[in-house]
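One chain, chain A, appears in both complexes that follow, with chain B as partner in the first and chain C in the second.
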Partner chain A sequence: MPDQPTDASDTPTEAPEQAPDTPEQPMTGIRERLQFARESISLRHVIAVVAFVALALLPFEAEPILMLKLTAAFYFAMFAMSWDVVSGYTGELSFGHSFLFGIGGYGAALMTLEVGTSPAVSIAVGTLAAMVGGLVIGAPALRLKGPYFAIITFLLPTALLDFFIVYKDVFGGELGLSSPDYLVSAETQLTTIAANYYLALAVLAVLFVLLYLVTRSNTGKIFTAIRESEDAVGSVGINPAKFKIFAFVLSAGVGGFAAAMFVHTPAGSPNPTQLLAVTVSINVLLATIFGGIGTISGAALGGVLFYMVRDWLSDITTEIPLLGIEFGDVDLVIFSLVILAIIYFLPGGILGGIERLVSTARGEEPDRVMADGGGRPLERIVDRYRRSFANEDGDDTNSEPRSANDDPERVRERRPEDGEPR
Partner chain B sequence: MVSLLSVVINALVLSAIFALVALGLTLIFSVAGVFNLAHGVNVTLGAFTAWYVATVLGLSIWIAAILSILVPAVFSVVLYKGMVQAIENRPMTVMTVTLLIELISEYLIRELIGLQSRSVPALFPGVVRFGGATLTVNRIIAFFTAWALVAVLFVVFDRTKQGKAVIATSMSERGSALVGIDKSRVQLYTWFAAGALAGIAGLFFGSIRTASWDMGLNSLVIAFPIVVLGGMGSIRGTLIAANIFGFLNVFILSYWEPTLARTVPIIALILILLVRPEGLLGREVAA
Partner chain C sequence: MSDAEPSDATDSETDSGGVTVPDADADVELDAVSESADMVDVPLKVRDLRKTFGGITAVDNAGFEIKKGSMTGLIGPNGAGKSTTFNCITGTYTPDSGVVEFNGEDITGLEPYEVAERGLVRTFQIARELSEMTVLENMMVAPMHQRGEALWRSVFARNDVNKQEEEILERAWETLEFFDIEHLANEYAGNLSGGQRKLLEMARALLTDPDMLLLDEPFAGVNPTLEERLLEHIHELRNQGYTFLIVEHDMDLIMENCEKVIVMHQGRILTEGTPEDVRNNEDVIEAYLGGEV
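This part shows the complex of A and B:
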């Protein structure tokens, strides 16, 4: 998948950091920025490798329950990465990725439980089903811009859950289905848990590399370009629809595959709370914002951290003063407040925060450039949404969600006037 | 089986209450240009304020009713001033932030009050018989109050300077600024009115049905299809769409599968957005 159609090979979106950089030359301002971009990538690599090695060594020390939790956290991180591909890169904000996880997980579990196929086959079927679901979500995105699309995605998992509740004989309703056989199991329970832990870590690593390569390839640059301006992408002869659909199907494939694997482990089972609830979609979004949106590595890091920190919070039984509620009962509230603070004060997420700390410590200027060039992903998504919302100046207001972006003339006219501070 | 007449009356009452919720959502969208996903909190606040004041504190239901309007209205203004105003040029962030607030409030209600639903005492006890159907006075009052409020809204928008300023801002932000309309004040009116309307809706939901922790998100799930079908920012369209979805909701509840009462509007919303994204009367306010 990283190798991609040739028609995109000479686009203006080709990022400058690919240009050969000779350090002997005098550094211009741009060059400094490129230098920074490269350093931030390498810092990310260091973090990723250290984390991976630490996690790989962990089972020799850890309790089985911690391994189970981490296994679930790894799958959750995969969910977050699959969300990041669509929402962080193409900028189509999805509030309902659990729709895809639900299709993948339930589809695979039903194959194992009802049809009786082996888990491996079931996982393949579940993944395919989720990819079809990705097409179903992706198709409206071609027609609807930003906020309207977000509303649809927000409501889709609820509709699917209602469907599962109505046909609870097949889908198990609110309680979910019973756990299917594990994909890997061993003689003792401890070995089974450890095997599933390593499997999850391996799958996380493979999917991470896959998504990392795709988002850093030319295809990924086109995703980013779509986020910035679909018109610009179309104007150089690339069909944005094709790439948006590809992003959706890729995301659905990754998310659905992760969900299908997840239900075949001791850590997960096909039930709404783990796969389909509104909170799953929101947690994925929170985790990615927490880690740093539009970076894949931020989603992976944020996913694991989010899951583990929430789990740790939920065990705290200290009472909150005045309210008389235990901390653990409102862990999601606390986390939501933290995310609110991050949205307002640290738009790059914790990964962005770490990088900024490091660059400040090195005496460099604060980062303006992300790994793929341009401003921060969150800023650019925001900008894109503002443009699709920005229909306040014409008299053909509010009704036509597509009007603002369909007419490049208007968009170009409006931009300088809009100059709100970001 | 329930008689058709009482189902129709139920549907009319429910549609009127849905309209109150949806009107606030569409007003905020047309004036501020953002989807307020925390709008459901106003409904929940209205219902639980009424319940708390009337049942727990044991005060008169009328004090409870007034507070159940004021508390959400103030909450709505505080939400705008405190959180949304700083990011109002970033609709995607507004959506994320307001959604978080909706979820936080849901969790807090669940923790503080619990999972079981509560009922708000009736404003007017008693029943009347009407053509073979028995209905509570409460429902009739709810229906007429809701429509009276809509009428007031129309008068405000047509006759008062403040109302005209709201419509003008929704039509063209720049144009309204040119004629000297203070946008931030218009925003305050709008968020206040939206909160108050939703609070009243919550009060009626609480006394006709029950107040439950998930009522906010559930009313949002029905309000979005209404707003989109009516056409973003259109008041008349919202009223028509509220009745369409109100009837749909009650008929599905009475004659089909209750769970689908939430699903069908969602699927309808997706179809509307794909086929006719501007809704029924999408250009009305702007024209």
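This part shows the complex of A and C:
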């Protein structure tokens, strides 16, 4: 055994594996530096940091309307991330996450509008309400085996919307409620928009880090393990239902919080189209697949891109040749075709595609868009950055080229590099 | 299993078998009471187990006992009810009636994870590897009651979690070495061959610190070389004091390696005894060969 470990699981195997493909050369030009950075810190992190910085600088250039759209896109990305924790990680497909967004958003808005609490308190209440909703639904539904969880979740938002329509005096029916006060507002409209933009970006970043750490923790490992085989998880004495409920309530908390925040911004208001409609649930799912299911980064990236691209498509007034209809009228059809193509050609989504492209260009075996090694999440990530800046190897276990398996007993073909979407 | 219905002819023998087992129980239970749970001589007792699926009686009043430190084979032709029995014991199915007792505790109808928590750990006929996780990660899921299973602790308060994890990691490596698959530690489990998956699954089961291992067709789809190795490992573990119950339909394999053999046929326990007894039992010959000798 060449690499007997002594420490956290990801450290030991790196040195021998990294040696051949990291030639020790003095760093001179920017290209070499970039090359080094890419090898030390996973590409995903580079994309995340670059995107974050770009988005943070954007308001200095952008039109207010674009900022508003991006604000909405950020909240949508949070919805997508919340969905991914349950469906991407534990593999329990939820087709009705908008149920949770609805509870969180409407709950918070009603607190502000009817009860008269401050937006901050309302948001806390909305988040809690969504978590309770998640627990009430998840606890029984997630114990069912097979597709029943998906079916139950599919019905939930519809039922809730019907309820809102029946009691439209309180819930505003199909038109929704009027917008409550903003959580942050400033003197001018422009400053308010910019402030809300930054708030949304900050919340996105915080939730991203939170979910990233959770999914890389031991508990997150169990989520992944449940997706891989619930039977195996049960057979080693871990209660899969408990962890699925765990994931679902966490997801409800994140989604409900995002929705509660969203209705208190100029970009969103408590109405079915933005929070509760079936299309919201489906869009969240599509956005995550678009970005890369089973990765928090993929969901965040997919969420923002999906929202912006769809918005861009729906504004195109050019007529489609022969059909005589505008692009914008059939934007969802076009987008669905794009998603189909992605599912077919890029099972890891956009993120998986980029990663594969880069690693192929570097002549490596492509890395699958999946789990990191075990260990302490935050420390491990920080450590990786630290080591990479201190000129050491600092890659993930899984980023190493997987060892060629020379075992004669090996009879099966290697699995496809990108995990099948589930 | 479709041939379970027209089997009234064998009723009488099975009934007599069913009567003798509770008698034996009574004796053993007296012993068991005076001793602590891990000292129980007969950790697993199955009594009058019955499971039907619609009109098919998959398991029909099956009963048997497994002695501590023994290696018992459960054999029978296809559809004999072996796997159903197995699933009833491990909590995958809830039996219609009957009792499963483990270390003196009634575990009938418990969830699979609850059965595993009590030290009765199974492997699967088709290995359930966590294919998108590495072999090492597959292993590290297994040890019970990890501190990192609490969300807050696993994300934020990590010192105690890490300390425990290092111990677990060490044990995981040792176990992988025992099964000679440590060179695959950082390979995705989905990249392993069928046989290696079986090894991984057994390694994972061991890491839960079981009292008893239930192996569901551990040799199915395993090539002869690996089968030999797997058998060596099982014998070695057994010498270390583990108790095994192995479901298999390869009769010869069981005959050569187990000291006790239970034969099931059409949902019932046809006979049980030493391989020698079973080999010469005419009912067994009939069940397996349909009358030809």
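Simple rule for what comes next: the second predicted complex is superposed on the first by the 322 of 422 C-alpha atoms of A that agree within 3 Å, B and C clash if a C-alpha of one lies under 4 Å from a C-alpha of the other, contacts with A are read in each partner's own complex, and residues count from 1 in each chain.
To be clear about the criterion, a residue touches a chain if its C-beta (ideal position, glycine included) is under 8 Å from a C-beta of that chain, and two chains touch if they have at least 3 such contacts.
These numbers come from a predicted model, not from an experiment.
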In the overlay, answer first, second, both or neither for which of chain B and chain C A:Phe163 touches. first
Per the contact definition in the header, classify A:Asp231: touching chain B only (first), chain C only (second), both, or neither. second
When the two structures are overlaid on chain A, which partner does A:Ala141 contact: first (chain B), second (chain C), both, or neither? neither
Per the contact definition in the header, classify A:Leu213: touching chain B only (first), chain C only (second), both, or neither. second
Looking at A:Lys221 after the superposition, I want to know if it touches chain B, chain C, both of them or none. Which is it: first, second, both, neither? second
I'd like to know which partner A:Ala77 touches here: chain B for first, chain C for second, both or neither. neither
Thinking of the overlay built on chain A, is A:Pro240 touched by chain B (first), by chain C (second), by both, or by neither? second
What is the shared patch of chain A, the residues that chain B and chain C both contact? 378, 397-398, 400, 402
Could you pull out which chain C residues touch chain A in their complex? 90-92, 111-114, 116-117, 121-124, 128-134, 136-137, 140-142, 144, 146, 148-151, 154-156, 158, 161-162, 165-166, 169, 173, 177, 182-188, 190-196, 201, 204-205, 207-208, 223, 225-226
Show which residues of chain A lie in contact with chain C when the two form their complex. 1, 4-5, 7-9, 13, 213-214, 217-222, 224-225, 227-229, 231-240, 246, 250, 368, 370-371, 373-379, 397-398, 400, 402-403, 405, 407, 409-412, 414-415, 419
Parts of chain A lying in touch with chain B, wherever the complex brings them together: 93, 95, 140, 143-144, 146-148, 150-152, 154-156, 158-159, 162-163, 165-166, 278-279, 282, 285-286, 289, 323, 325, 329-330, 332-333, 336-337, 339-340, 343-344, 378, 381-382, 385-386, 389-402, 420
Given the complex, residues on chain B that touch chain A span 29-30, 33-35, 83, 86-87, 89-93, 95-97, 99-100, 103-104, 107-108, 111-112, 170-174, 217, 221, 224, 228, 231-233, 257, 259-260, 262-263, 266-267, 269-270, 273-274, 277-279, 282-283, 285-286
